[in-house]
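Note that the chains are named A, B, C and D in the order they appear, and that numbering of residues resets to 1 at the start of each chain.
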Amino acid sequence: MQTNDHILQAIRIEKTFPGTRALDKVDFHLRRGEVHALLGENGAGKSTLIKCLTGAYRRDGGAILLDDAEVDPRDTFEAQALGIGTVYQEVNLLPNLTVAENLFLGRQPRRFGMVDARAMNRRARDLLADYELDIDVTRDLASYSVAIQQVVAIARAVDLSGKVLILDEPTASLDAHEVAMLFRIIRRLKARGLGIVFVTHFLEQVYEISDRITVLRNGQLVGTRETANLDRRELIAMMIGRELAAEIHAPRAEVRQGPLRYRFRNYGRKGRVRPFDLDVRAGEVVGMAGLLGSGRTETAELLFGAHRADSGGAEIDGRAVDLASPRAAIRHRFGFCPEDRKTSGIIGDLSVRENIVLALQARRGWTRPISRAEQNRLADHYIRALDIRTADREKPIKLLSGGNQQKAILARWLATEPEFLILDEPTRGIDVGAHAEIVKLIEALREKGLSLIVVSSEIEELVAYSTRVIVLRDRAHVAELDGSRITASEIVEAIAATNERRTS
Amino acid sequence: ADLVVGFSQIGSESGWRAAETTLTKQQAEQRGIDLKFADAQQKQENQIKAIRSFIAQGVNAILVAPVVATGWDEVLQEAKDAEIPVILLDRTVDSSNELYLTAVTSDLVHEGNVAGKWLVDTTAGKPCNVVELQGTTGSSPAIDRKKGFEQALSGHDNLKIIRSQTGDFTRTKGKEVMESFLKAEDGGKNICALYAHNDDMAVGAIQAIKEAGLKPGKDILVVSIDAVPDIFQAMAAGEANATVELTPNMAGPAFDALAAFQKDGTAPPKWIQTESKLYTQADEPLKVYEEKKGLGY
Amino acid sequence: MKPKYLPLTATLVIFLLGYALCVAQYPNMLSTRVIGNLLTDNAFLGIAAVGMTFVIISGGIDLSIGSVIAFTGVFLAVVLEHTSIHPLIAFAMVLAIATLFGAAMGAIIHYLEMPPFIVTLAGMFLARGMAFVLSIDSIPIKHPFYATLKALYFKLPGGGRITLIGGLMLLVFAIGILIAHRTRFGTNVYALGGGTATARLMGVPVAATTIRIYALSGLLAGLSGIVFSLYTSAGYSLAAVGVELDAITAVVIGGTLLTGGSGFVAGTLVGILIQGLIQTYITFDGSLSSWWTKILIGLLLFAFILLQKGIIFVSRQRQQRA
Amino acid sequence: MTSFLRLYFNRLLPQLIALGIIVAAVSLVFPGFLNLQIQNGRLYGSLIDILNRGAPVVLLAIGMTVVIATKGIDLSVGAVMAICGATAAAAITSGHSLAATLLITLGVGILCGLWNGVLVAVLDIQPIIATLVLMVAGRGVAQLITEGAILTFNDPDLVFIGSGSFAGLPMPVVIWLIFGILTALLVRRTALGMLIEAIGVNRQASTLSGVLTPVLLIAAYVLSGLCAAIAGIIAAADIRGADANNAGLWLELDAILAVVVGGTSLLGGRFSIAASVLGAIIIQAINTGILLSGFPPEFNLIIKAAIIVFILVLQSPRFRTAFAFLVPARGARNPSERAAK
């Protein structure tokens, strides 16, 4: 193998966090003009490796070679200057700056020493035009959806990457259309000879776009293979260290549904969700499908009382209830895993244990503390049951990898033994193994008689566990599929059909 | 119709100052003067602002109790340009005396001097270690009262200031600092007299002395300045020995001078000095207390 | 209108409303004298508040400015009193010291990862302590150059004046606005306020920016100290106590969030004017005792904040409806 | 249990070391510093003075800790102290019994806290500004009660609170010890502590988890008001008078400093009441040390600033990792990584 077709090489990278050996002498070689998938379970060390490459973390050992010359970026600024553009895992842009400022931060066009805002905005618009995004670039980034933010982050990184582009789970909050667009851009960059590192948990995407695959497990390099020579089963085995029983579930047997328990009539809130009717039975999983920004999250928040409904009413078991606040909803045994786990999910500085017991404790009230022994028991139970990868239960949750944080929040609600569980994108950023486990878990909860509402952008997944699927568009419920009509193509068609109606 | 007079007061940092405000208002009312009162909350910039807005309002005269001596030239000049007479109360400024009508003040150095003289006379040559409670570091009463006291003591080698700390003019700090003086000087056995820059600190210190098991007024002589009512109670109880009066009635003479000036242009002397009267236990402290009690201290 | 301009507009509306009310009661308040005074009297506060605005937008706070103002004044007075150094050189010296002082605090905040509140609190003690050590007396500055500077003003019809320092404040605000919105540094300040960790990942030079922000605040506090010494022709170690709180209040009334990341330098100017207006109103009224003055200032502050909240709330609602 | 104690000890270790250094330094300058004797049936000495004089700041720091844990700050405590001192003096001089006086005063403190809490939790005003309103207006209210004068009283029972002694300790010390222990038990033996920390770290996520955020926020400010009330009573009783102008002046800064010296982050979250109490004692030790040292008062501020910077540098996460061998770094984290996450 010639060395000079390697654009970026990482040699025996080491990184240790207190209690965790995040990277153990990992080698990673990126060729010119290839898309290289970096895979592994949650907490395998992918993000850590990337951060070591770009100087966001100081590595404890090892060397980095860019174009065969040793480099040592001390911070991301230097990495950018070297031509390494990166999209980090969480949407890492500044919500308080405008879209244009985010795109050109640190390299704004200047005239007479002053930032030339007009030129900057024009260039920002041009840049985003490549991504079929026609938005007002002078507005704050925060006013756009996560998806748009993600596209902006990608556009910025691409624009910055002269040699190497690193994408850490860029597609987690994108829908199919946007993913296709991203892939078009990646292919174009690849043709220009850039090296592209691509982290994702969607294996379909790996096979669609990548040339080679490197797999990490528990901070160690498992191996690097040509994508063409690695079949899916083998890849999963490399990632999780064992064979996965059945990755996608066979269509389940006809489920027996319980009694109708939750009735929402004409439920809605001005400016957020158009009033809708919704009935949920015990032992039912209602999937919610729709394009980005179609109002799924807002529906979920409304049902949980995070926003108060201003029309219609809710009934549980035939009795009218007022879901005015999350507390009220929790009293009726609701649970809610929010979509944005960083801002509305985790309590970063608190330990995994405290994060798990929080909701249960809040429901019991402050005067009836859960004893430490009981907390430990609960935490250990769920850490085991959901396979949360953490050094110990006292680790601050913010130090866990993204997927493990998600599982801990799920554990928080399971600990309250809910009867009505609302999950907003529960599998976002979760590895294949855990993905399968969560799908299994949803099934198991349904069989236990829970009612679930699951918002997901992964249609395959919705098909796998939903007993009914609701399709949203423009903040309104527009279609409902059940029984045999729950298939990927039917759902896609329902979304598309409504789309056509929009254009006509 | 009425005479409108603006009064820029420093603030309300002590009981003495409250009494001065009360008396000024009383005096104005007696004379039918419409008094515009502005509290500067201890800030010179606020006083300057207040004087400027008095000028903008077109008052007939301005009273100022300046928080510091420096920095008044410009605003006083503006008042002069607007032909509004300015009278200084309680403290002077270092501007040219052309710029104001008169100053009604006591002499801070003199006050310290009176207190020092009393101590010199009382100790009559016996060796005596003095501890000093200073006012707020940097404030002009603290600087001048220290200076005057030291002047009085100079040449009397029997008197030595062994410790000097700031008590910020407050009772709490006076008590706290005295406690540490007592600890530092052999439980207080080493201290013969206390000089406090104001009565409030003295009152606090007296409590500290008592709590340390000593008798203030006997084991440790107490002399302070201001003559607020509470110190007379202490004197009546034999716990304080002497205080130097700083009268809160500065406005009376000021208004008189103003009236004379406006009637026929009689220019008052540039400095109307108030008396710095010494009170001791011999001056019927209880009677003085009753007199002063109602003045808003 | 863009939602981010709402707080700024709300503040401006409130100021104009308040001013109109004052004028209705005291017609004299419309005079150019009052307007000139509003600028001159608040010049030092305004200049310091510009620095504070940058600090707060970046998510920090600077409690040291009042002490730095006092230190600057005492330093100038001592130098001009005891040496024959020309004031302009003394100005340069003291600005350099104040800037270095700020930079040092910024460096401690960044490199030792200590909260700005505490670092600058220590800075506040230290700067005032230094002033005490230089001199506890208030020292007049009699240098003729001061007189020259003070004689520079622009006369308005009606007896009001735009003085040198009032003009300087406006200039500093203008430059501040340019820096905030038209330089890379300015954007970096906002970026820090949006989240230090994210800003670092996006390649913002966090260390340099933090240090520069506090250096800028120090520099402006120094400049404010010079203005204050011009204003009072003296140096005094007890001067400008609590100015930091006034500055913070002005910044916040001006619509800047203390959590950082959003705000406007121009808003701070309106905040300063609102505070000045409250004070002027109270002096014009002139019937309040010391205590009622304090209570009223507090209540008016509260009323302004409530009004601002109200205006923002109502227009948000309306925007959502639309 | 022993491991629990060890953890606790480790948490307080930096503060204990800092205190030790200061005490050692002061006793070098002033040898009598460590002397303790019994006088009039109570302990007497500089060390006791520190505990006694530190009482107001300790009390304020207790309330401030909880407020800061919710990611707030309470600038009004000094003014509330003044209000409550004035209330107590006014009540006792107008003939109310001690019990009634205390009840009224504590009630006023709670009311002040309620006001702050409502501003922060319900009207959603930023804590610094919300409490600034009461900081400015509160001192005016206090002066309104006393009319600017020092309202003196001689009620022996009330005076006892300030300068009496119980079990050989000055009353203020007894009060803050009991109150501190009660508060610590209240937050740690119930779930309050954890819920408050959760709010401080992530208010939105806590609300979504069903935590009663507004009520707890208000409760934090109420506690702070209550602490200020007790501190105000002690300060007034100590000098037998309510000094509305100066009582508690700038003490809010000392209280915040105490909390930070105690190692609680101003960004909210994890807190320790014991550590804040230690922080307050450290600050008082500095103050008393300066008084005993006999330096001219011009140097007070510089000395204080220097010592504070020194302590904070000792505590700063960077320094701690650099000198991890000095301080047993149980649970210590890598700071740069923490910041980068």
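We take it that contacts are C-beta pairs under 8 Å (C-beta built on N, C-alpha and C of every residue); 3 or more make two chains touch, one makes a residue touch a chain.
Just so we're clear, the structure is a prediction, and the values are computed from it rather than from any experiment.
S.K.: With respect to inter-chain C-beta contacts, which pair, B-D or C-D, contains the greater number?
M.R.: Per the contact counts, C-D leads.
S.K.: Farthest from subunit D by Cα centre, which chain is it? Let me know.
M.R.: Max centre-to-centre separation from subunit D belongs to A.
S.K.: Measure off the straight-line distance from the CA centroid of subunit B to the CA centroid of subunit C, and report it in whole Å.
M.R.: So the centroids are 33 Å from each other.
S.K.: Find the geometric centre of each of subunit C and subunit D from their Cα atoms only, then give the gap between the two centres in Å, rounded to an integer.
M.R.: 30
S.K.: CA centre of subunit A versus CA centre of subunit C: separation in Å?
M.R.: One centre to the other, that is 44 Å.
S.K.: Give the residues of subunit D touching no fewer than two other chains, as numbers and ranges.
M.R.: 143, 147-148, 298, 300, 340-341
S.K.: Which subunit C residues touch at least two other chains?
M.R.: Counting only residues that touch two or more other chains, subunit C contributes 132, 136, 200-201, 289-291, 293-294.
S.K.: Spell out, as numbers or ranges, the residues of subunit A touching 2 or more other chains.
M.R.: 56 - these are the residues of subunit A that touch more than one other chain.
S.K.: Let me know each pair of chains that touch one another.
M.R.: Every pair of chains in contact is listed here: A-C, A-D, B-C, B-D, C-D.
S.K.: Touching residues of subunit C toward subunit D in the complex: what are they?
M.R.: On the subunit C side, the touching residues are 108, 111-115, 117-119, 121-123, 125-126, 128-130, 132-133, 136, 196-197, 200-201, 245, 248-249, 252, 257-259, 289-299, 301-302, 305-306, 309.
S.K.: Along subunit D, where are the residues that touch subunit B in the complex?
M.R.: Touch residues, subunit D against subunit B: 30, 32, 39-40, 44-46, 49, 53, 143, 147-150, 152, 163, 235, 238-241, 243, 245-247, 249, 288, 291-292, 294, 296-298, 300.
S.K.: Would you tell me which residues of subunit D are touching subunit C in their complex?
M.R.: It is residues 123-126, 128-129, 132-144, 147-148, 253, 256-257, 260, 265-267, 298-306, 308-309, 312-313, 316-319, 335, 339-341 of subunit D that touch subunit C.
S.K.: Tell me, which parts of subunit C touch subunit A in their complex?
M.R.: Residues 2-4, 178, 181-184, 186-188, 190-191, 193-195, 198-205, 261-262, 320-321.
S.K.: Subunit B touches which residues of subunit C in the complex?
M.R.: 26, 28-29, 31, 33-34, 37, 40-41, 44-45, 132, 136-140, 150, 228, 231-242, 276, 279-280, 282-284, 286-291, 293-294
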